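By letter and in written order, the chains are A, B, C and D; residue numbering begins at 1 in each of them.
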Amino acid sequence: MIKKLLNKNKEYANLSMVNNFQNNSLDEKFWMNCPECKKNIFKKDVEENLYICPKCDYHLKLPARQRIDLLIDTGTFTEFDKNLYSKNILNFPEYENKLNLYKDKTNENDAVITGTGKINGLNATICVMNTDFMMGSMGAVVGEKITRAATYSIENKIPFIIISSSGGARMQEGIISLMQMAKTAQELRRLSEYKIPYISILTDPTTGGVTASFAMLGDIIIAEPKALIGFAGPRVIEQTIKQTLPDGFQRAEFLLEKGFVDIIVNRKDMKNMLFRIIKMHGYQEA
Amino acid sequence: MIKKLLNKNKEYANLSMVNNFQNNSLDEKFWMNCPECKKNIFKKDVEENLYICPKCDYHLKLPARQRIDLLIDTGTFTEFDKNLYSKNILNFPEYENKLNLYKDKTNENDAVITGTGKINGLNATICVMNTDFMMGSMGAVVGEKITRAATYSIENKIPFIIISSSGGARMQEGIISLMQMAKTAQELRRLSEYKIPYISILTDPTTGGVTASFAMLGDIIIAEPKALIGFAGPRVIEQTIKQTLPDGFQRAEFLLEKGFVDIIVNRKDMKNMLFRIIKMHGYQEA
Amino acid sequence: MMQIDKPILELESKIQELKKLSQDNNIDLSTEIDILTRKLENMKTQIYENLTPWQKVNLTRSNDRPTSKDYILNICSDFIELHGDRCFRDDLSIIGGIGLIDDICVTIIGHQKGKTVKENIARNFGMPHPEGYRKALRLMKQADKFNRPIITFIDTPGAYCGIGAEERGQGEAIARNLLEMSSLGVPIISIVIGEGGSGGALALGVCNKLAMLEHSIYSVISPEGLSSILWKDVSKASQAASIMKLTSNDLYELEVVDKIIKEPLGGAQKDVKSTSESIKKYIIEQIRSYQNLTREEIIDDRYKKFRKIGY
Amino acid sequence: MMQIDKPILELESKIQELKKLSQDNNIDLSTEIDILTRKLENMKTQIYENLTPWQKVNLTRSNDRPTSKDYILNICSDFIELHGDRCFRDDLSIIGGIGLIDDICVTIIGHQKGKTVKENIARNFGMPHPEGYRKALRLMKQADKFNRPIITFIDTPGAYCGIGAEERGQGEAIARNLLEMSSLGVPIISIVIGEGGSGGALALGVCNKLAMLEHSIYSVISPEGLSSILWKDVSKASQAASIMKLTSNDLYELEVVDKIIKEPLGGAQKDVKSTSESIKKYIIEQIRSYQNLTREEIIDDRYKKFRKIGY
């Protein structure tokens, strides 16, 4: 009802909603503010729209499990290594507590979900990073799960897909976390030697050690519109160079122009694009 | 005597020489003007100094046969394909006449000398381009001779060296001349597959189709100081962009900075540098 | 183009006039119309089968000449454009991607000109910078990895001449492509669809089979360039064109080109679909002919093609 | 460094004073001098064998810490520096070339810091841009072609953070090196000689054997970075250093590092020659140990090294 109203009398409705929102502190459970167009949007509308802002098409964070639902045919997903847990190898202060906190909050054991399933009938291995779990940071578990998933693709000769979103390496695992960059990259080298296509999908935000390893190594690299993708985060760069960054810096469109992204694909078209790419690599329904 | 005088009382001597030169039109047989420092230099001094300006170290054109004398141990050079002659495949107007003119003038049959010899005792195949012959342009004979020389290196497993200097493709041979770029490049690909080191030496000027084929394909690329090296010639670029080019543009030092040249080597040190490189590739005196 | 078409257009409008006259005044002019129509057909054949080299140069440069993209979209049942050199920039003067021709997966790369001024500025009039060639090479190596035949469309005035192009190694980029293309174990089929300008064209043209559209050209230097070198006078370009052997017939006689693909009367732009069909037919034939060759045989076939040119 | 050295320098000057006093006034202070000299030796050992992680961080960052070039010139009987990425620029924050160690031809690549402000500006304080990594990769592939072992020296605060670095794909360049290094059929020996800063260090560190100079460090983030994330306070870097396990001992215990190369008392800068000798000895030993392995075995050895880290 409210949605329809908004759509029909857009300007008017918007204004009154904003007023409502500010004056009466309307329940934040139902409303949110789009970080791109800054308009108030009805959460349910956003959720029903694959977390794309209905007003400006901005791609908000899509929860990892829903990403799998979006891309993988219903009922075909088999998860790998669900019970791999991070250990506090360095005895880093507070790390166990933090892990437990995130486990409770997300109901996941770490920052990536891996598994296999079908995309319009075509087999694929898929890894979805989860920024809800410690910013999608990569520690030993993320590195190991992605490596094992790539191995699965090699052994079963099926295309490999990673949907990245990450704050980078997980500092609580120190050098071990850094080494996951090499570990995953070298498994991708094996994948490449076996001529198995690897499609890397970059979503907001993809930064640090993930950008500097598997995210940038796709045979084909796809990004969601406006996703922030970079090695250094924009705040770190601004502190280093003591300047504000230009508009659009490190966004998907910028990376496309700079030659690092093949295609920018709307979330709604993503499954079909994956299907077309896999098909063009000669794979057929099994 | 004059040389000593010049060296001892530099400023004074110079001035008087310039005066002499201008007033009395001193014989141009004996004197020349350095294109870099603009000073008058005694031709004999230049020739005795490997055609390097004794005042500013500028590298003037070293005649091709003298280049071989400089780099190859005396008495060890065996020339290849001396009697390959260009044909007028396209019936291009005046081409035969032009060829004959250059043959008479240079006493060479085309714009490259190829052969094999020793560098401080180490075997090498060497190709020296000759700008005295039709600006060192590449037609079928240049392409063929370089290709055959590379084949010789493959068959005899000895390092391959090209000293480039060229105005580019030879327009009188049209498409045939263009195709020499592919022909030479693919022979270098074979050379590379056989893991035979190819050292490319760029001298003033190296441009056009030569730059865009074998000159830029060395495992190691050496340039003489200040040599002009580019795809398009500076005048063509200036005409296209309607601006004057910055100082030093397309010079060896510029290419080093831009990442396209490995080392800039003074002509006097060139033979020793080749020797060191070949030695470091595991070759020994035979 | 204007000049070439002019008598044809005049005659066409005359026929239209007669038709209108006949209809408006209800008089029978069918004999006259028939004669003129036959004359028009003859004239077209006459003109287009006897284009001078310079007319062909202008034909390939005209704004309505079909571009790589036109052929790609007509030939492929599906096409995904891929972007970028993974190093500096995505150069829009080269288009590339993966596509399906019938059921064959291929990689297609071509110089890309624009049709409007705006488009041409974005596409830099089909004159690549080094990053364009590096994008092409990346896509070709990818094709090699996945064992996809490579189709290249050649249509460029030449590699771009400018400061940035030199700074980023125009010569190196072209040279690298020549060498690397010669090492790919998949068949490469190149088709000159318009202007094949010098090293900038050859950088996509180290192929197993080279075809040219009937009216396309391919040369080591532009007619303007040659004319300015020979006679210090750019305006004699048409004269230069006539001596430099740049038409598909010339190159076929020189054994540089393997096949001339006929264009519809009046040029490819008169019927993009049928021209695309001819191209598609040629591509499929050629791919089929390489189907049973090993990687080494394919590399060797390409090697021999260029090895024998010139001597 | 100042802080670490301070008590040592004070004691040294006291001994000098006593010596002068003894000489000038002709009094015998030899017992006192002996005692103090022994005390000095003990103090040195005490201090340098018990450096805190933060002291090590500072030691590796001090201007007199030997750089890649210092070791290269001491280790090689001949070395030719090679330049450029063949694409955009020669990045001076990475040095690379071919050299002879005894009679073994090797390719050596290292991060290169400067010793003066001017040098450091030219070298960008040892923080590479993407073109630095691309130069390194070019030289490594060349080494692979000619079957030369690869030595890398790691000494960087990290890959550079800046607009140009992001524009030209810092992430891609590092990632590419990780993948490509894992495919090289020659042994890669890496030695952390100073600061091993994050991905910018690892981009030269996908090796068969990893050694660290005794006082060098290697970490996923700088102590300052960690401190500012954990406590929003850069000044607690020393505290951060103490929890992040970045010393050679820590990494040896974590089985990331294969070997700790001892430094002379007081650190490598006190005796570059002897440190170079130790490094050279290690390199030669390691190269010998790979001499009889096939390319595939060498690749597999490297693969296993990283495959087992973490899980």
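Here is the rule we use: a residue touches a chain if its C-beta (ideal position, glycine included) is under 8 Å from a C-beta of that chain, and two chains touch if they have at least 3 such contacts.
Protein identities per chain, from UniProt: A, B = Acetyl-coenzyme A carboxylase carboxyl transferase subunit beta; C, D = Acetyl-coenzyme A carboxylase carboxyl transferase subunit alpha.
Everything numeric here is computed off the predicted structure, so don't read it as measured data.
Participant: So if I look at the partners of subunit A and the partners of subunit D, which chains show up in both lists?
Facilitator: Chains in contact with subunit A as well as subunit D: C.
Participant: Please indicate which chain is farthest from subunit B, where distance is taken between mean Cα coordinates of the chains.
Facilitator: A
Participant: On a C-alpha centroid basis, what's the spacing between subunit B and subunit C, in Å?
Facilitator: Measuring from centre to centre gives 35 Å for this pair.
Participant: How big is the gap, in whole Å, between where the Cα atoms of subunit A centre and where those of subunit C centre?
Facilitator: 42
Participant: Roughly how far is subunit A from subunit B, centre to centre by C-alpha average, rounded to an integer in Å?
Facilitator: 55
Participant: What positions in subunit A touch 2 or more of the other chains?
Facilitator: Expected reply: 192, 258-260.
Participant: Going through subunit C residue by residue, note those that touch at least 2 other chains and give them in order.
Facilitator: Correct list: 86-88, 168-169, 172, 176.
Participant: Which pairs of chains touch one another in this structure?
Facilitator: A-C, A-D, B-C, B-D, C-D
Participant: For the complex, which residues does subunit B have touching subunit C?
Facilitator: 84, 89-90, 92-93, 139-141, 143-144, 147, 169, 171, 173-183, 185-190, 192-193, 208-209, 211-217, 229-232, 236-237, 240-241, 245, 249-250, 258-260
Participant: Can you name the residues of subunit C that touch subunit A in the complex?
Facilitator: Those in contact with subunit A are residues 78, 80-90, 98-100, 105, 131, 135, 142, 145-147.
Participant: Given the complex with subunit B, which residues does subunit C contribute to the contact?
Facilitator: Listed in rising order, the residues are 159, 161-163, 165-172, 174-176, 178-180, 182-183, 198-199, 202-203, 205-206, 218-221, 226, 229, 243-246, 250-251, 254, 256, 302-303, 306-307, 309-311.
Participant: Provide the residue numbers of subunit A that touch subunit C in the complex, in ascending order.
Facilitator: Against subunit C, subunit A makes touches at 192, 195, 197, 219-220, 256-263, 273, 276-277, 280-282.
Participant: Using the touch rule from the top, collect the residues of subunit D that touch subunit C in their complex.
Facilitator: Touch residues, subunit D against subunit C: 86-88, 130, 134, 168-169, 172, 176.
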